[in-house]
Every structure is written in C-alpha cells, then in structure tokens.
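Presented below are the structures under discussion, each in the form of structure tokens.
Look at the two complexes coming up: subunit A is in both, with subunit B in one and subunit C in the other.
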Partner chain A sequence: MNHSYYEASARERMAAFLDPGSFQEFLPPTDRVSSPHLRQLDQPGAFDDGILVGSGRLSGHAILAAAQEGVFMGGAVGEVHGAKLVGLLERALITRPEAVILLLETGGVRLHEANAGLVAVSEIMHAVLAVRTAGIPVIVLDGGQFGCFGGMGIVAALCDAVVMSEEGRLGLSGPEVIEASRGVEEFDSRDRALVWRTVGGKHRYMLGEATRLVEDSIPAFREAAIALLGTRPVFGLEDLEAEHARLRERLERFGDCRESIEIWTRLGIEDPQSLPLLETQAFLAQVGGKRA
Partner chain B sequence: MESLVYEYQGGVPIESPRAPVIAGVVGSGNLEILVEAEGPDDRCTIVVVTAATGFGTIWQAVMNDFVARHKPGGVRLSINDVGATPAVVSLRLEQAWEAFKGGSA
Partner chain C sequence: MDARTLLNNLFPAGHTVAFEDTYFHGTGTCRGATVAVLGTSEEVEIGVELALAMARDVLEVIKTAPKRPILLLVATSGQRLSRRDEMLGINAYLAHLAKTIDLAKRKGHPVVSLVWSRAVSGGFLSTSMLADLCFALPEAEIGVMNLPAMSRITKIPLERLESLSATSPVFAPGVANYLRMGAIEAIWQGDLEAHLDASLRMLSTRERRRVLGDSRGGRQLARSVAERVRSHARG
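Presenting the complex of A and B:
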C-alpha cells in the first residue's frame, strides 16, 4: 500500500493517521449534510461537503480530528464544510481531547458560497483561539496537493504547531492569485521550482512557520503529531508582543531579499542552491540550527 | 446537471447487515459512490447526480453491466459525478462493491 500523504485522499489519510479503527465520524456521508448552495448553482455536491470530522485515538490519546478533501473544489470552505469544522472545535471545549488535529488541504473560502464561506472562516479562527485559550493544542498537518492558502492559511498560522512535508505549501494568497493581481514579473505561478522554494515546506520550515518538516508519508506525519501532543498553548499578551517583535526583527533582517535563496544565504547555509534538491533528512542535517 | 434514477429487481440479498461505504471523490473526471443497505431484498436502487447532462443511455449501459455482474440486492447506490468516463465509473463501482462486501468502512 502506498503511504504517500500527498497522493492519499482525506479519508485514506485519516484512516492511516489515527490508531487503526479508532475513527468515529460525526455527520458521516450517510447523513448527507452537504452544501445547499452548490445545488442552486447546478453543481454536484459531496455527501460530506469535502471534509470529515470526528474523534479518534493517536498513540492511545483521545483526540479530535478533521481532514479536508482537496480534490473536491480545492478543499475550499463552504458554509456546511466550515460549520463542521467549527462544531468539531467547539466540541473540544466540552470533551477536552489531548489535541485537535487539522489535516488541512484548501485554497481558502469557497467562492461559490461567498459571504457564507467568509463567515465560516472567521468562525473557525475564533473557535481555534477559544480551544487554545482552554489549554488544548491545535496542530495542523499540511502536505496535500493543494497546499493551504487563503483564510485557512491564516487559520494554520493561528494554531500551535504546523507539520509540513516538502510537498506542502502554506501561504495567504496562492501563486496564481499573486500573479493575477501583481503581474508575472512579481511572481510566475507556472515556475514550479520558484513556487515551491517560496511557499513550500522547506522554506516555511526555514522561516519557522512550519514547526516540523517530515518526509511525504502518512506514518511520518503521524510520528510528528504524536511528538507534538505534549505541546501546551502559550498564549498571553506578552507572548503576542514577543511574536510581533520577532516578526519585526525578521522583516528588518530579510526585508530586502528578493528570493528565498538570498534568505538562506543570509542565514549562513552552505551551498543554499542545493537545498531544494535535498531529501528531507539530508536537508534537516544541512540546515541544522540555522533557521530564522 | 442531471439526476438519474435506476431501479433493478431480482438481485441476490446481501448476507448480513453491512456498514455503508464510500468510494471515490467528487472531482473533475471523478465521482463518489455511497453504498448503503436499504430496501427490499431483491431490489437495487441507483441514484446518480451528474454534472454532465444527456448521457442517460450510457449510464444505463454501465449500470446494467454492473448489476448483471454482481446481482446486488437490498442496496442503494448514491453517486455524485463530475463527468467521469464510463471506464472510471465501472472501476469505482467495483471498488465500492468490493469494499461493501468486505465490510470495511
């Protein structure tokens, strides 16, 4: 069986990520809780509206988890899709699991559902912060084909930890959106190498936005998530101000760089040109403690 | 978009209560199939919602082929389709049916 996280569907990921047979789905496909908007637009919906949510066990620990299906409308968040995620997060406040783990793969808001999708994303942000305030960590896994962008990119940044593979991508505006609004001179979205070394897992790890970088396999994501289960949300005004100071310092240090390779050079990486070609373990060995 | 319903009789009843299964994903050139135990023992109902209109006769042929091969009884198949080819539809039907008979959710 192929254990690539990138290639797997949301259901395959969830089944292989959790302890075998432990997943209990809330609102499964048989409940047919799907989008009321898509049908009005004469578009086929999915029985689960592109997300599965439920409870399960990770190395014996009780957790809540959600997985977005990128192939269905780019994993975009519609009204029902968003409500399932919000409901899962709010449930965490009652059942107090060890962690909430989000297997995100999404372009952000589902534009077909416009304001309903936007409201859903803001509710997700609010719910993530409520769960963290309650002392329960929220951990993101990002290694799917569609990456994690738009409002859900902000959601990922609001969480306690982000685990990425090299194949994963994380950002606000996706490459095509940047090219469409600022021109191809600003960002060539068809230059795959440029896209990956800008928003891909390796660079996100170098900047400290990805907590861990793992190889593209479901067991590797599982192992990283188990190691992060002890994470406790650090979440006060002082921490927020320290984070702002860190980001200000980062901007002063790298703000004039045109390219990720310039940043890696400034971080003191030897042979920075070689980073995109390295396997995950070799990459981690080469960059050592030289992250931003 | 088009909704199609096919009803078959004379199927072999499924042996014991089985958990519903879902196969495939709703994406371009792909489809999802939800299989559930439902209805009279010899009956098979197939409900298709497809983005491509006007292909009813081809769906009918693919479904006839599937039903002739497996004689499903006491089941409902619900399909969301985004223009999958007949070969892909047949493949997903086989996957869904195998998973359903195997009892794996």
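Presenting the complex of A and C:
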C-alpha cells in the first residue's frame, strides 16, 4: 500500500517509518512544553511546539529521530522547538545511536520568536557538526508539503545524507520570500513547475545534493534510510577540499545557467524537458550515471 | 565606522588585509600574534561565489598556518535572494563555509567573530555564529527581519510588536537583544585591540550561548528543554 509521506502528519510519518511500536517520545505533548512567545502574542500554540523527538528502532538498529510538523506554523523553528532538536542531537553524543534521523519539514525560523529561533538554528548547526564529529551519521528525510528552507536548509546540507522524494523541496530562501523581496520577475512562487524544477527533489538529485530520490511513500523513505545506516561521517581537511572542488566545479559548469533544464542539458540528458514528467523509477533509469 | 578604519583600530601594529570588492582577507598583528582575517563590507548579500571564496580562504589558513587564530568581520544583509543561487544550491555553499569554519576550530584555530556593521539570517548563521565566540560593536545591527515586515507576514499589528519589543528580546532586531539571547558574548567599546587580544585567550563551549541566554533572561527555556531531552531516562 502506498502510504504517502507528503500527505502524512509528523506523527504518522514517525510511526510508520520506525519499527512498529518502537518510538519512545521525549517531552511528549502530555508534558505540555509549548512556546511562551506564541502565548504572549495570543497565537495558538501546540503542546509539542511542532516537533516530536525520541528514540526508536529502524530495522532493529537503535536510532534517535525527530519529525517536524508542517501543519503547525509551517514547521518553523522557535525556542522550544529548536531546543528539543538540540537536546536530541546532544543526547546522541551520550547514547551513541546508529544514526540520528531528521524528518524535516520547515520554512526555517519562526518569525514570532525570530531571534530565539535564529539562535536555535545556530545551535542545531553546532550540534549536528558535533554529532558527525563523534562518528554518528545524521540523515535527513525531506518530502513534506512545506519542504525544507531557511536556516534548516543549511542544516540539511551539513548532514551526511539527504533522502528526498520528487515532492520534496530544499533550499535557503523560499520562493515566496524571494518573490516578496525581489519581485515576481525574479521568482514566480505560484509557478509550481518552476518551483519544483528549481528546488525540487529531482533537481537536487541531479546536482548530487539529494543522496537518494525515492517515491512518495513512507516505506520508500524507510528503505532508503536503512540502506544509509552504514554511512560513516567523514569531513576532515581532504574531504572538505573534495567538497570544495565539487562546488567550484558546479559553479564553473552551471553558474551562467538561468534554468535547471539548461543544467540537465549540460549533464547530457537527451530529453531534459521530459524529466519533470517522469515517474520516480523511470526518472532514475533515465538519469543513471549522469548526475553532477 | 568603515572597514578600513575598523582594521586600523583592531590592528594598530599593522595588517596586510587586501580588498577584492566587498570581500577582504589577510592577516593582522595583535600584540605580537598573527591573526587571520576574513570579512565583508557594505552589508553585502552572501551568494554562492562569496561563500566559496571565504571557504577557500578558511581552508588555506588551515593548510598553511596551523592553529593561527581567525577573526571573522562579516557585514551582511543576509543570503543573496535569487532564483539562480537557489537553483545552484546556495544552502550547500553556506553549509560548506560553515563546515570549513568548524574544521578550523577542530584543528585548534581559535575563531572569533565581530559583528561590526550588520548581520542578518543565513549570512549570520553560516559565518559569525560558527565562531567560538561572537562579539559586536554597539552600533551594529543584528536580526532576522524588521518589525514592519514581520507585522505584514505574521499579521500581528505593528503597534503590538513595537510595544512588546520594549520588554521582550525575542523578536525585534538589535544587538542588545542578541546579547540577552546569549548569541553575542559581549559588546566591544573603546580599545578594540585589547578586546581582540583578550578574546583570543577565552575558552568557550557548545552550551555557552544557552547558559548566557538563560542567565541574561533572553531565552529562559532553551537550556532546560535541551537538557530535559538530552538526559531523559532511557525507557
């Protein structure tokens, strides 16, 4: 049965992603740890502040996992929300799970508590780097309705692997933010095809930013994450120099492109206009060996 | 203060910092110690090219000058807002820059940042905020978004945000607010060379910002919530 990742809530995703019944939540909604800042602004809060964090098993392996709830304020990071994620990552330094898996769905910093949110994202970045330095992989899943943007887009790129579906989006400034400040000529955020060509899962996979591209189903994300469990973080000087060379080459090859289709053409895709239309398996077969 | 005046005040004994448009880098001498300097001026937006250039120079310092202190002097109005930069994966370029700064710290380079002009959002996250310690000049601006824009997006009346920001440090831009958040260690006034010299000998920890944010009353939950999750008894 195709259990859509895109349509599911954070709790549904977590339950179906992990081995059945294995999730143990830390600071669950019954603890009622919510945002004091939203209360101060008379905004509706949530007793989990839009994120669930806990431990569980993935194909028998002990992991720590977090899932952001996009329906609550677009998964935006506030003080409590961010601190739960920081605490989970730092817990990994003590309990040493096989991996930390982040089911991200977020627009970035929550404007209602912008300063606390920004500092929280910084602390998440520091914590991800510390977990990886300790040899524990951090794996991101990105296939929700709100994508993964803002500072959390930087966080995703700090991790060991990113699994995306075609529906997933990954970037820094969201299309709406760019349109609002630079005009519709710069980025028409309502042109869905353009948005997906620019920041969607297929393009991120072509650039090598998405490690794996999967169908929009929770079992497909689960299979991909299990396959990535053996990933071991490497980011010493040589690794960062190799990454630097890759990013420099990307800029040299594609820096003058205006559209992703030009990039796909330069990558040797014969019928690049057809890529957005292909089903995931057909897409993977079509682009095999031609990623940047 | 402009960038050249700033550099002269930080390094009265001299520096070799060179400018390439709005990006500058080189070394300065602080009380006999050589300090690597990387910075930007004119509140430049950080796009993929600038992020890559800064990362290149951080890697260069790591390779050629083991354990040399690094001072970041980044003035930025944020990440570059462009469809082309998004298409190229600007988040990965900023993450790469962040990783190089993190590597420098792991390799024993003290990394200190000074927000001397402006720091906003992604440009702040991927540079100054990665330092062991982040300081600011009193006239600097730090924030995510000004209150009128915040009011438009959150649909909360501007008067409400303005009156709340008189007491709450949580959403309005400002150096004083970031000091209370614990993100800014201290504000530098007077002798900048003396402040820099002292900062290079200070130690920090990953938790320091949370501890400061708690004790300064800016973030009263971040520390305790993180601690509760970290030490939650195993079931």
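Definition applied: the second predicted complex is superposed on the first by the 290 of 292 C-alpha atoms of A that agree within 3 Å, B and C clash if a C-alpha of one lies under 4 Å from a C-alpha of the other, contacts with A are read in each partner's own complex, and residues count from 1 in each chain.
Here, a contact is a pair of C-beta atoms (placed from the backbone, for glycine too) under 8 Å apart; a residue touches a chain by one contact, two chains touch by 3 or more.
Treat the numbers as computed from the prediction; the structure is a model and nothing was measured.
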Fit or clash between subunit C and subunit B when superposed on subunit A: fit
Touched partner set for A:K84, first subunit B, second subunit C, both or neither: second
Touched partner set for A:P29, first subunit B, second subunit C, both or neither: first
Partner chain in contact with A:P44 - subunit B first, subunit C second, else both or neither: first
Which of subunit B and subunit C A:R11 touches, first, second, both or neither: first
Which partner, subunit B or subunit C, touches more subunit A residues: C
First, second, both or neither for A:V71, with subunit B first and subunit C second: first
Partner chain(s) touched by A:S122 [first = subunit B, second = subunit C, both, neither]: second
Subunit B versus subunit C as contact partner of A:L277, first or second or both or neither: neither
Shortest CA-CA distance in Å separating subunit B from subunit C in the superposed model: 13
Interface residues of subunit A shared between complexes with subunit B and subunit C: 43
Residues of subunit A touching subunit B in the complex: 9, 11, 28-30, 42-48, 50, 69, 71-72
Of all residues in subunit A, those that touch subunit C in their complex: 24, 26-27, 33, 36-37, 40-41, 43, 53, 55, 79-80, 82-84, 86-88, 90-91, 94-95, 109, 111-123, 125-127, 129-130, 133, 150-151, 153-158, 170-173, 175, 177-178, 181-182, 186-187, 198-199, 203-204, 207, 209, 235-237, 240-241, 243-244, 247-248, 250-251, 254-255, 257-260, 263
Subunit B - residues contacting subunit A, complex: 1, 20, 22, 25-27, 30, 32, 34, 36, 49-51, 78, 80-82
In the complex, subunit C residues that touch subunit A: 48-49, 52, 55-56, 59, 62-63, 79, 81-96, 98-100, 102-103, 106-107, 121-122, 124-126, 129-130, 143-145, 150, 153-154, 156, 160, 164, 168-173, 177-178, 181-183, 206, 209-210, 213, 218-223, 225-232, 234-235
